[in-house]
Amino acid sequence: MKKQSTSLRVKLPVFLLVIQVIIVTLYAAFVTYDEHTDARFQTNKTNPMDNAVYKDYPFFTDIQVMIFLGFGCLLAFFRLYGFGGMVFNFLTATFAIQWAILVQGFFQFNHDGKIHLGVINLINAEFACAVVLISFGAVLGKTSPLQLLVMALLEVPVFALTEWAVLKYLKINDAGGSILIHLFACYFGLGVTFVLYRPHLNEGHAKENTSYQSDILAVMGTLFLWVFWPSFNSALTLKGDDQHRAILHTFIGLSASTLTAFALSVMLNKNGKLTMADVQNVTLAGGVTVGASVDMMISPAAAYVLGMMGCTACMLGYKYLSPFLARRFRIQDQCGIHNLHGLTGLISCAAGICAILMASEDVYGPSLYEIFTHRAPIEGDPKLQELQMLIPGLQPGLGRTAKEQALFQVAAVFATIGVSAVGGVLTGFILKLPYFASPTDDFCFDDEPFFDVPPDYDAPLKLNNTITAEDSVA
Amino acid sequence: MKKQSTSLRVKLPVFLLVIQVIIVTLYAAFVTYDEHTDARFQTNKTNPMDNAVYKDYPFFTDIQVMIFLGFGCLLAFFRLYGFGGMVFNFLTATFAIQWAILVQGFFQFNHDGKIHLGVINLINAEFACAVVLISFGAVLGKTSPLQLLVMALLEVPVFALTEWAVLKYLKINDAGGSILIHLFACYFGLGVTFVLYRPHLNEGHAKENTSYQSDILAVMGTLFLWVFWPSFNSALTLKGDDQHRAILHTFIGLSASTLTAFALSVMLNKNGKLTMADVQNVTLAGGVTVGASVDMMISPAAAYVLGMMGCTACMLGYKYLSPFLARRFRIQDQCGIHNLHGLTGLISCAAGICAILMASEDVYGPSLYEIFTHRAPIEGDPKLQELQMLIPGLQPGLGRTAKEQALFQVAAVFATIGVSAVGGVLTGFILKLPYFASPTDDFCFDDEPFFDVPPDYDAPLKLNNTITAEDSVA
Amino acid sequence: MKKQSTSLRVKLPVFLLVIQVIIVTLYAAFVTYDEHTDARFQTNKTNPMDNAVYKDYPFFTDIQVMIFLGFGCLLAFFRLYGFGGMVFNFLTATFAIQWAILVQGFFQFNHDGKIHLGVINLINAEFACAVVLISFGAVLGKTSPLQLLVMALLEVPVFALTEWAVLKYLKINDAGGSILIHLFACYFGLGVTFVLYRPHLNEGHAKENTSYQSDILAVMGTLFLWVFWPSFNSALTLKGDDQHRAILHTFIGLSASTLTAFALSVMLNKNGKLTMADVQNVTLAGGVTVGASVDMMISPAAAYVLGMMGCTACMLGYKYLSPFLARRFRIQDQCGIHNLHGLTGLISCAAGICAILMASEDVYGPSLYEIFTHRAPIEGDPKLQELQMLIPGLQPGLGRTAKEQALFQVAAVFATIGVSAVGGVLTGFILKLPYFASPTDDFCFDDEPFFDVPPDYDAPLKLNNTITAEDSVA
């Protein structure tokens, strides 16, 4: 172990400094301000308070809290890996956002040969970052910080390319990111962990457990995610009633899944008690499940049902599917991302497709064609002119029917799963190279190889040993 | 104990799942979108950025942080009941909000046979939830999660009915909820704990104490509440200067009570040191005390004085009144809600009445009749027309004088205390039924009956015993 | 020790209550509402949603989280001084804000013999509070709460006077407060700690270290600061694109410094591992370094470079300069504020001066004269009229050239450092008076003298001793 951890001294700084030089060079060459951040674009006709920053920044800060405090605390649930969970999350997230600004900028915000930057790009980059952090959950405790950075380095471009291609060519509705964020992140992470399979860990690991304090910290992480999830699901919807509905549905979905999670946790626990891991994870399932249809007119009751369904699938996944995948398919999914993001993501996609099939002008009024932009009549269609009388700014669409839109959604689901799984597996092979200072099995779930730890870091363990030893003597 | 905790396995899931089926049925039958969330109501005349979500959502997220993180951490102050405090708060709050959406919807947001839903309903429901969580403070550590859910089930309708009746018939000013939230919650909670009296706990309990980490966690909870309290007190005021004043007064009141709390804590401590319980609770007294007059033109100095007075009452309550109530009146008020919400609430009501009596057009200008809507002249009064020249949208009122308004406030105080105390006592009798898995005295303030706890959860205790044992041997 | 801690019983309450009486008297005599909080100023021409509270309050709450939770958790990093770090931060901050409202009000918001109050004053006061808390970092663990309050009592007026004089007479650009906040706070704090020099502490102190939990708590503090720092740096900029750029640059600067901090931490650690103190502090350097030019058109790449430079200087400062200053110059800088605020502040000032020298109408368009108000042509200049055609509300300026403005910035840097260092030294002499209950060397970094601590507060220490003792026996 010594050899590996000392070797981090050279590798990690070299990687980070090289990457920073590359990033800053690309920033200097290609990144400039967008029309809301550039002083030259402000005239006596622009009202400062109409600047996009006031629409975007409140959602940005909420998502920041989720990324850095929510994920950070939640991933710190291991007894001896609290530094690792929280600090590697900090490192990986910071890098992923910077990298995503450039990569997404190249695909999506690129005109006149420049990437134009505003807070809206940061929000998009934080979504890419969320993808990386979800995938991180699959390999938590079994990877070095260098491996995590390399994973982010590879995952962000694959994600950005998929996102761009799906949005540009398949043109889907996915306000909460159920397809592009949750399914992508899940299957990418499973691909990685499949390759990084460690057979000994299936037999249990002495350090793979929680302490009283780490459990409480993880619940705080859950609560940060829970509280701000409506902002996550609504940050990129249309403004106005669409965003309002997205907030409402997310809150309702989360509430429903929370109650169901408590019910099932007690029911499935062998002592009829609450399991903290369920409180920390399964309660959040509803936030994912409402994602794909979150801005649609699905009705509050449907959001509630989606929350309950997502939670049930997630809970059963933790109980039965995860152990099965680990034993039979070599998929060691450390945080159970397949339950919290995969199964729930699939339910969400199905619900989104139903909502698309049922969407009609009766329910939405003419704004149907704003939410489902691709269903708007094509340029030249007389129906378009009629609609433009009602909604002056309406853009011509593709004249898709509900069924066509649904089929494109299905295509997007399969394409996303396919690309992400393959991308994850390939990334896994790269991460397996001996160069990246992966911890040995013994030092999994342990801060010691990567941090100067204070003397009390394993105090509870030592204490228990002491007490047990004394008990056995007595 | 074993028997009771295993019996939770059936009871809690059954309760939660039955409740969820009822809730979702009611949602499906009666809940729809309001004019700001329904796509059909948006026309080419509605500006998306004028949607109510942008006025309400920032306050909503602030209150969410208070409810889930603020209360959650603050209630986790017991050494062995950190899971209980934080997680039962999560469960109870989530349920109370859902339930309040329906019950308040029935009383207040009900037209055309439907409850119309937007973020504003969620804010109202979170206030109802705060009521339940405050009452929870009186019985913390002595109740099962099932008892807490039943308490919420009963308290929310009594609260919603009281709120509706007081606002509709007595028509009072109570922007910060001193009467309707704090007094109601306090006397309801005292009623419950009166019935759930446990004589043995008056002799002290081995687990009724804090640890170093739990004290720090509780301070974090306090700080979350402290930081966002201005949003709580101002969320439902009139927009503009009224909301601005509410924020200012709450901040000033809290600041004043914080300094006073530190002064009195050291002064009354037998070693001349700070008591953490005071830092955690008494510092917040000012937020309650300014409540009833928070949006009025009381002057910053008055807000400051209210903070100091509330804090002093609260501190003396903790020191002298609470032990007295426990010994003589069988009222075991675990978190001292009578000090932090009752005494301060009464001071706040008195201050509100003074502010109402002194309110005049000299100080408020014509907007007097916007803040005190019931003092606006009645329909047909020529004075009304004059005022409507100055404030075009002014609604006709009841032509109440300041004194009349003050009397109605007094009536509201007594009515609220009466209803809540009776409601609390009746609820207490129901909670006492053997069915609800109440922990035995030995297992009060203990996570073990309700959670799978990690092995180190009582490590500090064991450690002290070990060390003490060794010391005594040596 | 006993004698001193019991003597706090009289001193602290007396100080606090006397101060509160003074504050409330001054409030009553001199503080009133501003035009956005006073009901009388609202007419049928004022739109409530245009009230300044909606521009200021979101930034205010973000900064509140930084002050109370960010600083609070970060300063709680000592193993036995968690209460002290968090609670004294709470006390000192609350007092400093109240005091700053009055003192800054006297200098800056004073007309018609009254201080006019709105949320904007609170933001300004929180900046003054941040100054005090940064200085606090230099003497953390070595001062009684009374000393901290006296320090705030003295530092706030010196700061407010400097701020007022620099802004009124030197008229500088310093949106992020690099000069006025960070440099002032740093050199004031160093002045204080220079006088409070304790020779024994240079030999190391048994309690001057962290525990596993306290390190995690401090990282949470860092993350709160990191997440909301863009709000801090942008709260007082011009609205619109200026604020947008300030947010963007701060985020980029922090991101860059975070990656650099991880790289250097591993590189400079003797075991090639991460040092938690670096993760907690050095990652934040970029937020300071971008400060002075944060609202200017410096380009995203420059913000990135500033983050990297600031971080490097900060890290080298922690590694080499701080020990040197402690040994040779009697400057015991407990939290290394000279690295995180001094060195970075100086870099920031230099960068600001470069940005000022390079600022031209080519890059900024006519809004150059809005950002650099003092470069606007003087009253009567025909160029002013031309510009006013483009920007109707443009105010006449002083007609400064870029070079002149740069010279004024330089003057401000030296003036600020001079005043703050002298102020700090004088304050130090006052704090050294025996009256203020300073802890003895043995009780530094220890909660015990000031708090009723729970029995387990030094459990990890005892445990280690127990285990070590047993090991040595075995």
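In this document, chain identifiers A, B and C correspond to the written order of the chains, with residue numbering beginning at 1 in each.
Convention: a residue touches a chain if its C-beta (ideal position, glycine included) is under 8 Å from a C-beta of that chain, and two chains touch if they have at least 3 such contacts.
Small disclaimer: the values here were computed from a predicted structure and weren't measured.
Here subunit A and subunit C face each other with different sets of residues for the most part; under half of the interface numbers are shared between them.
The angle needed to superpose subunit B on subunit C by their Cα atoms is 120 degrees, rounded to the nearest 5. The mean-CA centres of subunit A and subunit C are about 34 angstrom from one another, to the nearest whole unit. Shown for subunit A are the residues in touch with two or more other chains, namely 58, 213, 459, 463, 466. Residues of subunit A that touch subunit C in their complex: 5-10, 12-13, 16-17, 19-20, 23-24, 27-28, 31-33, 36-44, 46-49, 51-53, 57-58, 61, 64-65, 68-69, 72-73, 76, 82-83, 86-87, 90-91, 94-95, 97-98, 117-119, 122, 145, 213, 217, 449-457, 459, 462-463, 466. For subunit B in complex with subunit C, the residues that touch the partner chain are 55, 58, 62, 79, 209-213, 215-216, 219-220, 223-224, 226-228, 230-231, 238-245, 247-248, 251, 255-256, 258-260, 262-264, 266-267, 269, 271-276, 279, 283, 297, 299-301, 304-305, 308, 363-365, 367-368, 371, 390-392, 459-461, 463-464, 466-467, 470.
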